[in-house]
Amino acid sequence: MDELREIMITTDEIKTDEYLINMGPQHPSTHGVLRLLVQLEGEIVHNVQPHVGYIHSGIEKMAESLSYPQIGHLTDRMDYLSAHQNNEAVALCVENALQVEVPERVKYIRTIMSELSRLASHQLWWCVMGMDMGALTTFFYGLRDREDILDIFEETCGARLTVNYSIPGGLMFDIHPNFQRDVKAFIKKFKTKLPEYDRLLSGNVIFTERTKGVGFLSKEDAIAYGVTGPTGRASGFSCDLRKHRPYSAYDKVNFKEILSDVGDTYARYQVRMAEMWESMSIIEQLIDNIPEGDYAVKMKGVVKLPEGEFYQRVETARGEFGVFIVSDGKKNPYRVKFRSPGFSNLFAINHIAKGWKIADLVAIMSTFDLVIPDIDR
Amino acid sequence: MAFNIYDFTTLTKSIHEGLSSQFSPTATLAIEWTIVGLAYLLFVALFGLFLVYAERKVCAAFQQRMGPMRVGPWGLLQTIADFIKLLMKELIMPKNADKFLYNLAPFIVIIVTFMVISVIPFAPGLATFDFDIGVFFVTAVSSVGVIGILLAGWSSNNKYSLIGAMRSGAQIVSYELSVGLSLITMIILAGTMQISGIVEGQRDMWFIFKGHVPAVIAFFVFVIAGTAETNRGPFDLAEAESELTAGFHTEYSGIKFAFFFLAEYINLFIVAAMATTVFLGGWMPLHFGDFDSFNQIMDLMPGLFWFFFKVLGVMFLMMWFKWTFPRLRVDQILNLEWKYLLPINLFNILLMAAVVLFGLHF
Amino acid sequence: MTNEALIAAIDKIGAEAETRQGAQYVETFVPFAKMHGFMKHLKEDDNLAFDYLICVSGVDHADHMQMVYHLESTKHNHMMVVKVKTDGRETPAVDSVTDLWPTAEFHEREAFDLLGIHFNNHPDLRRMFLDDNWGYPLRKDYKDDIHIVSR
Amino acid sequence: MKSIIAYITEILKGIWTLLTGMKVTAKYFFTPWKHVTQQYPENRKTLKIAERFRGEVIMPHNENNEHKCTGCGICEINCPNGSIEIITKSLILEDGKKKRAIDQHIYHLGMCTFCNLCVKACPTGAIVMGQNFEHAVWDRSTLTKVLNQPGSKIMEGVKD
């Protein structure tokens, strides 16, 4: 017995050389041009250094020379999966600064649209998550259902991804006459598809083995690293701005803030799956009650913000999105800063992934649901 | 015997006699070897292409897609176009690669598949080698393929390749065990290792029915372990594209990549063919003991049809696995083998021994 | 906590901070020399407990740089904004708050990258998006004739 | 003994979850006619594009080759990325007064991000979004378009 113990002690001391590998900028699971410099010992991750900037597009600089409605359309291109929420953030920020009250109808439609794009984003996240874990079929099932939402967007907003639908003062168009019918049809259909997602992936023993108990993030660390959105809520960080600082019509609907206190990869997965149900419930509460009225208030041809600093927070599919506008009273902002959720979330990865295997790193990254233009801006 | 009309022995015998009357015995042998070699080459190339096409169509159907549709009717010529493309592609070699081993690796992999395929009986009279130790030969030779993968990963001078190769090594070394043990379970029932003997033993009933519970368990263990041995999903850790880009063949291009690709599909065929031969009666039609009228109807279909019908069925099962399940992690793959498959297998051998000893099989 | 109570609580810290009710949130101006101690108080005081740093933004004003910290307390659910002016704008420097909020490390790296603000005691102050010898594009005097086309 | 039962139930439960997954994919495998693929160039005729779809900016002309553009340049100001250039000319009316009119409404499709701000801002509704999305060309210069047709003039009664 003692001999055995000695052997066990010595195996602990065996150290092989650490080596570095570059995951990215071209790598199937970094979802874009993110580069992770991973320090490995065998399969074990010792350190992850994210390197960003490969698609830095200078949106903040560009915004300094654009008018406020024009900035909105640039935010489509940051987190393209939460395009509508980003638009809404800019629109709300400008409206708050000008103290413009938008009609109730606008608020309702914005909320429905936000939830639809949250659904679309989570669907894409689900299918990519499956793909990162090696189950390629999920990719097509997720995209298949997302297509319905994109069709609704196309009909009402005129674009499928970069919608540019919320503009300061209201909406670009009124909703399409078919909008309510299509949304209800979609919800009805998706309610039968979502349990299928669970049967295919969530319950699968391989999937649960790979995700349960992997990649813990404690609540304290989530707050300290500013990890928001479903990723933060899976660690028990109650950060749902829809609940804490309701904007648009979120104060008129009943919904649960999905929280989990486990904080592992599976919890992050489950929070997003549950959020899809919540999003559908929010849409159902609003879709039949859209009040009549204008779809926009009349704004001046040239929107000028009063001098000052304005900050607006909204909850996108990935977490807290903030718009910080410093205005000097001209038609262009003096400085715009976007607090993107992916940026803060990404840099917690080193903290989480240390000590896990490469395969786990991929799974953890997947549950972070990164969109690289959102990080690079 | 009704299925004798489909027996290829008469065909091969007549070719042999025709050649013997014209040439000296040495020349006859040389010509026969050439014919057999060419036949295998042709078979591997064509069946490999067919399998790639079939996999793409099957995967498309699982994913609610249509798969290749552009080249030829229903995309039938797609894989041929891909093959031509691969042939014409530039062969790229990393600067610091070990040139000799880098070039050798794909050949080792493809040669091993040819060696294994040579013992598989396709139809009555259509098998090249028939040793006493056929099953043993298959398990022994098929594990040589991992050397090719290890060489490919090591010689590419790429860390992704190396990780992939090491994973593959660990995986195949462990899963060899399950493959071997599940075959041993069936050998207990068959009483012989000779492949023709195993097939012949299933004349009245396939082994999977004859050996009932232990045979079914052994069959599933064999299919799982076989899937792992061919590096296919959900055990495709060696090439896990979301983790290691392309694993051991990251640095290979053109025809060398095609060799790996072809070998993967032929290995899939080999596993399915072994499962068919050992568990599902090889080219034997579906027979049930004394139901003579039923057996005679089944005999109307040729052995070649039965063989490929069963092989494609097993391959479909493996494709179904691949396109449904997520990939396992490297430690889980070893857990699965050592904590689950191996104990089940050992227990299963005992069970099978008891079944055979007390004559509990059909 | 109401905003008035919050202002009173912040005023207790001292550190030459000027606190007032801004358009949206409670805003505090702190001199850069005393900011770190002040921020530490904000985080560790039980009544304030600003444990969540939302956003760190740098702004280039004509004669100085300004760092803007948006803070929230997850315990009390109140928000405030801390503003720190730097001394001049050629080689601006403020204290890093990475030791208080780890997320600041990356927001500060971003501010360093785009505005050239130095952070004292920052563990890893490197460029984030841009090349090492690139200018500081968010500064108002940044000129780039090739990449920026002005109309 | 308990642990052995737990071991076996664990295996069976695992297999059951795998089988439920396989049932989902099998359902779709055996209903291949429900595929979601659309064979794009073949289905052009049945392709439905939403009427609001933003494919390109166009300037509708009526049968008399008349448009509604006054050449005010508001679209040019509202464009965030300089995709629109307005070149105006001055017309001398019958009563001798000078009047501004559009000479060329130049639209750089290659720079356009389809944000709809120009169409929204247009006071006369002269430009609208077209549904054509097949913009691939061999030569980039052909992406620069002149929206008002040659020889066209402004519609009667359209004022700034």
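A, B, C and D are the chain letters, set down in written order, and residue numbers restart from 1 in every chain.
The criterion applied here is as follows: a residue touches a chain if its C-beta (ideal position, glycine included) is under 8 Å from a C-beta of that chain, and two chains touch if they have at least 3 such contacts.
The model shown is predicted, which means the values in this text are computed figures rather than measured ones.
S.K.: Measuring between Cα centroids, which chain is at the maximum distance from subunit C?
M.R.: Relative to subunit C, the chain with the farthest C-alpha centre is B.
S.K.: In angstrom, rounded to a whole number, how far apart do the mean CA points of subunit B and subunit C lie?
M.R.: 64
S.K.: At what distance in angstrom does the C-alpha mean of subunit D lie from that of subunit A?
M.R.: Measuring from centre to centre gives 25 Å for this pair.
S.K.: For subunit A versus subunit B, what separation do you get between their C-alpha means, in angstrom?
M.R.: 45
S.K.: Touching at least two other chains at once: which residues of subunit D meet that condition?
M.R.: Subunit D, residues with two or more chain partners: 18, 21, 24-25, 36.
S.K.: Return the residues of subunit A touching two or more other chains; collapse runs of consecutive numbers into ranges.
M.R.: 137, 140, 144, 200-201, 204, 206
S.K.: Got a list of which chains touch which?
M.R.: Touching chain pairs, listed by label, come out as A-B, A-C, A-D, B-D.
S.K.: Residues of subunit D touching subunit A in their complex?
M.R.: Against subunit A, subunit D makes touches at 13-15, 17-18, 20-21, 23-25, 36, 49-50, 52-54, 74, 78, 80, 113-117, 120-121, 129.
S.K.: Which residues of subunit D touch subunit B in their complex?
M.R.: Contact set of subunit D toward subunit B: 11, 18, 21-22, 24-26, 28-29, 32, 34-37, 39.
S.K.: Which bits of subunit A are touching subunit C when the two form their complex?
M.R.: The touching residues are 52-53, 56, 58, 60-61, 65, 96-97, 221, 223-226, 237-239, 244, 308-311, 313, 320, 322, 324, 326, 334-335, 337, 339, 343-344, 347-348, 351, 376.
S.K.: Quick one: in the complex, what on subunit B touches subunit A?
M.R.: Residues of subunit B touching subunit A: 59, 62-65, 159-160, 163, 167, 233-234, 236-237, 240-245, 323-332.
S.K.: Could you list, by residue number, the parts of subunit A that touch subunit D in their complex?
M.R.: 66-67, 69-70, 73-74, 76-77, 137, 140, 144, 147, 151, 154-159, 162, 164, 167, 172-173, 176, 196, 199-201, 203-206, 208, 301
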